[in-house]
Each structure stands twice: as structure tokens, then as C-alpha cells.
Amino acid sequence: MSEITVAQALKGLKAGIAKANEIKSPASIAVVDSGRNLLAFARMDGALLASIEISQGKAYTARSLNMKTGDVTEFVQPGAPLYGMETSHRLPLVVFGGGRPISKGGQIVGAVGVAGGMVPDDESVADAVASAIEGG
Amino acid sequence: MSEITVAQALKGLKAGIAKANEIKSPASIAVVDSGRNLLAFARMDGALLASIEISQGKAYTARSLNMKTGDVTEFVQPGAPLYGMETSHRLPLVVFGGGRPISKGGQIVGAVGVAGGMVPDDESVADAVASAIEGG
Amino acid sequence: MSEITVAQALKGLKAGIAKANEIKSPASIAVVDSGRNLLAFARMDGALLASIEISQGKAYTARSLNMKTGDVTEFVQPGAPLYGMETSHRLPLVVFGGGRPISKGGQIVGAVGVAGGMVPDDESVADAVASAIEGG
Amino acid sequence: MSEITVAQALKGLKAGIAKANEIKSPASIAVVDSGRNLLAFARMDGALLASIEISQGKAYTARSLNMKTGDVTEFVQPGAPLYGMETSHRLPLVVFGGGRPISKGGQIVGAVGVAGGMVPDDESVADAVASAIEGG
């Protein structure tokens, strides 16, 4: 399996920070590898402290489920098939947008999670991180 | 960044205890600093044991999100944008009223959490604590 | 209180990675702020997975105690005054070398933790990170 | 990176169960992948309930450190360089024998942990599991 190098992960952080600055949405950004283990992290100046845990939770969740975290939301609502899943792990799953898998050569090699802003802003930063890593 | 001194925090506890006695709502009161670390705490006679954890969770949450905890409630309801967020931290977030940030000179320097009574009572005690510290 | 910016923290990671490459000791590097909250992190290619948790634990411990983690070791031995302290936190303390506080203007503003190599190597990388941040 | 398939992991379990029956040491056997995530697990009839957690902890530890868990023991003794390390992870490290990495093509691809018997018995079962997977 191809893997994300630390150089690629740091390049991803840099791209994410640039995007977050551009849209004025200070964020925490977390990149995990294919095994859900933390590879790189940065909390931007002014980002909420809660973004530390939530960004890592989003990356962990995206790779755990191989889905964007925003796509999980509907399945965990009351009455939906996976209601309550977010508390089923020793590490918490985060079930709203801002996390997404990272692929190389058609294979998922890790994930990124971003928190600190509105969900669409976090998703935009996550896309920038993933693109930088997938292209690198 | 200006910080809450222990003298100010204890003054806050004293104000909170006075308020809680006045409204007959025995409470636990927790004050955290800007890093979400506990600064001062008191559990009043007759307060529920659960108030120990919940008051600290409220203070932790209020500083993590820089919001009143009661303002978080609507966002974590089923179908709302941050549904499930309360389980995203290693320390639990508390998503009902009784926690609020504490500011000095226009900057958030910590938070207070109060638990033990009805939510409006806890909020009233928390306001007394915050006012005493912000004014001190 | 002066604080570590994310730019300084990333500069610290870069200096640490350079040092670790120089001494051929691939490591995980974690920088926390004055409130013990994670600011930046990188796991180098080839670093042990255990270094993820241990580096963060060292940074958390160094700022919790305002000491180098290697200086804690003797106090937690059987019969020593703080025996067992490492299990007294919800987050584990790490009681061997590789973590140290970071100061600016004579005041502790955070900490760094490094893991992945022999203790002296980790300490050497941690010194490089701290110097880059303290100088920046 | 080559990976352990589930067929190989189950073949490993089968070999381990045969060995454990032969030496009359009922055990739990856990196989993790290169990311420390559980791949296959079996608790034999009569194995202690504690073996569930300990076998998984041994596999987690062996891959975290890329070492046999029995080789970690001496380093975490009082006065030894890594004293206290076993409490440094969110998931506990197990620092006595019964866990070992699994390699394919000269590269570590996962680990196995066995618990339930005396340490040498557990190690013997773990060796049987690893051999079956490494040869498969």
C-alpha cells in the first residue's frame, strides 16, 4: 500500500492553512495514515480549543468508515440505521462534516479532519489538504 | 493574555455560593483558565454528586467553544449541524446551560461551569461567578 | 502571557525533523501550548507507532510539571516520593526523558515532547524544537 | 506494504489453537495489522476472561514498538530507562511476554498477542500463529 509521507502530510497542512486563511476560518487540521494513526497536526492561531479533539475525531472517523464524515450524519439520527454509532468506539467518532479519506492510486491511504469553523468551511479546508497530499 | 488569579476565582466562587443560597439551588461551581484547566472548584452542602463532573464539563465546554453551554444545545439536536458533538472529546462536553466563558479586557480568559440545580438556576449562579471575576 | 504561534510551532517541528534526520533517529514530535493543548505534531517516516502517544504524553507531562520529563524519572521510582504519579491523570504522564517546557521572556509558554528514539536522541530533538521556538 | 489477509490471520489462529491445545494452555489470540487495528481474534474454551484484553494489548504493544513484548519487560522495571511506559498510551501497553510482530518479506505487517496461560506458553502459541502467517 502506498503511504502518506511526513513531507506530504506537512505539505497538506500548509495547503490547509492557506485555504483557511483565505476563507478566514482558523482551524485545527489533522492527518492520519491508513491505520488511523496520527501523522501530522496543526492548530492555527485563533482556532477554538474544541477543534483539537474534533479535527482528530473527524480524521479518525473518515478513515474508520472510508467516508466523508458529513455523509455519516444522516445515518446516526434517531430512528436511522446507525443511531448511536458515534459512541461505539473507545475513541469518539465525529458524525458531521469536515473529515474525508485521502487516496493515492485509487486506494485510501489515510484521512484528514478539520475543525474550528462552520462545516462547509471545514470541508473546504479538508479538500485543500487532501488535494495537496493526493497530488503530491 | 490576562489571566484569572486564584483570588479572583475564589471571589467568584463566593459570589456563586451566595447566589445559589439565595435561590436555594445548592451547586457545584467550577472555574477553568484559558487552557481549560481547573482553577477553582466548590461543591456546596447538599449538591448532587453528579454536579462535580457536570460543572467541570460545562466549564470545559464553554472554554472549548467560547460559548455559553446553553447556546450549544440547539446545534446538537437530532438533525442539527453538530449532532453528536458532545461525545467527540476525551472529556465529555456538556451541552445544556450552566457554563459560560469569562472575559477580561475583551478577551476570554477562562470559563465557569455550575451544576446541581435546574438549568436557569445554574445559569444564574454562573453569571454571578463570572460577574465577580470579570469585575475583579 | 506570550504564546507560541502556529508558525513558530511549525518552525519548531521543522528544526526537530532536521535534527532527528541528522542523528538518524526518526521521531514523533508534539508541541503543546501553555494550557497543555496540542498545537502541532508530526510523525516522521519510520518512527515507531508508539511514538505518537509517547511524544504527546511527554509534552503534556513537561508542561503539567514545568520540568523536563527526564528529571521526573527518579521521583516516581518505588520508594520515591511520587511513586505511581504517572497513572494519576486522565491523560497519562510519561516519566522518562524527551519532554521539556518551552519558555519565552522568562515564562513557560508550552512544551515539546519527542519519542521514537533512544532517550538522549529524543532529548536532543526536543532541544532543537524548543530552541527554534524560543528563538523565534 | 504487503498485508496480512484474513485467510492468513485465520490460519494463524488455527495454528495457535492447535499449539495451545497441545500444551494445554487455553488462550485468547489476537492478530493486528500494521496499523495496530484488530484483524482476527479467538478466545478458546476455558481461557480466562482477562485474556481478551491482555492478548489484544500484547498485539497492540508489539506493533507499537516493533518488539516482542517480553523484550520490553526489562526496560520498564524500576530504575530502567522506560520505567512507566506501559501507562503512556490511551490503550494500555502490555509489558510481558506473549506478543510479537509478524513480518512478511522482511517488513513488519502486524502483530499477534496471546494471553491466558503462563508467559512461556503464551509465547509458544504466539510463535505458532506468527509462523503460520509468515509462511502463508
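All chains are identified by letter, namely A, B, C and D, in their written order; residue positions are counted from 1 within each chain.
Rule of thumb we're sticking to: a residue touches a chain if its C-beta (ideal position, glycine included) is under 8 Å from a C-beta of that chain, and two chains touch if they have at least 3 such contacts.
This structure is a prediction, so every number in the text was calculated from the model and none was measured.
Chemist: Assuming a repeat means more than half of the contact pairs shared by residue number, which candidate in B-C, A-C or A-B repeats C-D?
Modeler: Overlap exceeds half of the contact pairs only for A-B.
Chemist: Compared with chain B, which chain's mean CA position is the farthest off?
Modeler: D
Chemist: Averaging only over C-alpha atoms, locate the centres of chain B and chain D and give their separation in whole Å.
Modeler: Taking the mean C-alpha position of each chain, the two centres sit 45 Å apart.
Chemist: Roughly how far is chain A from chain D, centre to centre by C-alpha average, rounded to an integer in Å?
Modeler: Taking the average C-alpha coordinate of chain A and of chain D, the gap between them is 31 Å.
Chemist: Averaging only over C-alpha atoms, locate the centres of chain A and chain B and give their separation in whole Å.
Modeler: 29
Chemist: Name the residues of chain A that each touch 2 or more other chains.
Modeler: Residues 35, 37, 49 of chain A each touch two or more of the other chains.
Chemist: Please categorise the chain-chain contact pattern as a line, ring, star, complete graph or other.
Modeler: Its topology fits none of the listed shapes; call it other.
Chemist: State which pairs of chains touch, listing all of them.
Modeler: Chain-chain contacts present: A-B, A-C, A-D, B-C, C-D.
Chemist: In their shared complex, at which residues does chain D touch chain A?
Modeler: Its residues touching chain A are 1, 3, 33-37, 90-91.
Chemist: Please output the residues of chain A touching chain C within their complex, sorted ascending.
Modeler: Where chain A meets chain C, its residues are 5-6, 9-10, 13, 17, 35, 37-45, 49, 52.
Chemist: Give every residue of chain B touching chain A within the complex, in rising order.
Modeler: 35-36, 61, 63-66, 78-79, 81-85, 87-90, 93
Chemist: For the complex, which residues does chain C have touching chain D?
Modeler: So the residues of chain C touching chain D come out as 48-50, 53-54, 57, 73, 76-78, 86-87, 92-96, 119.
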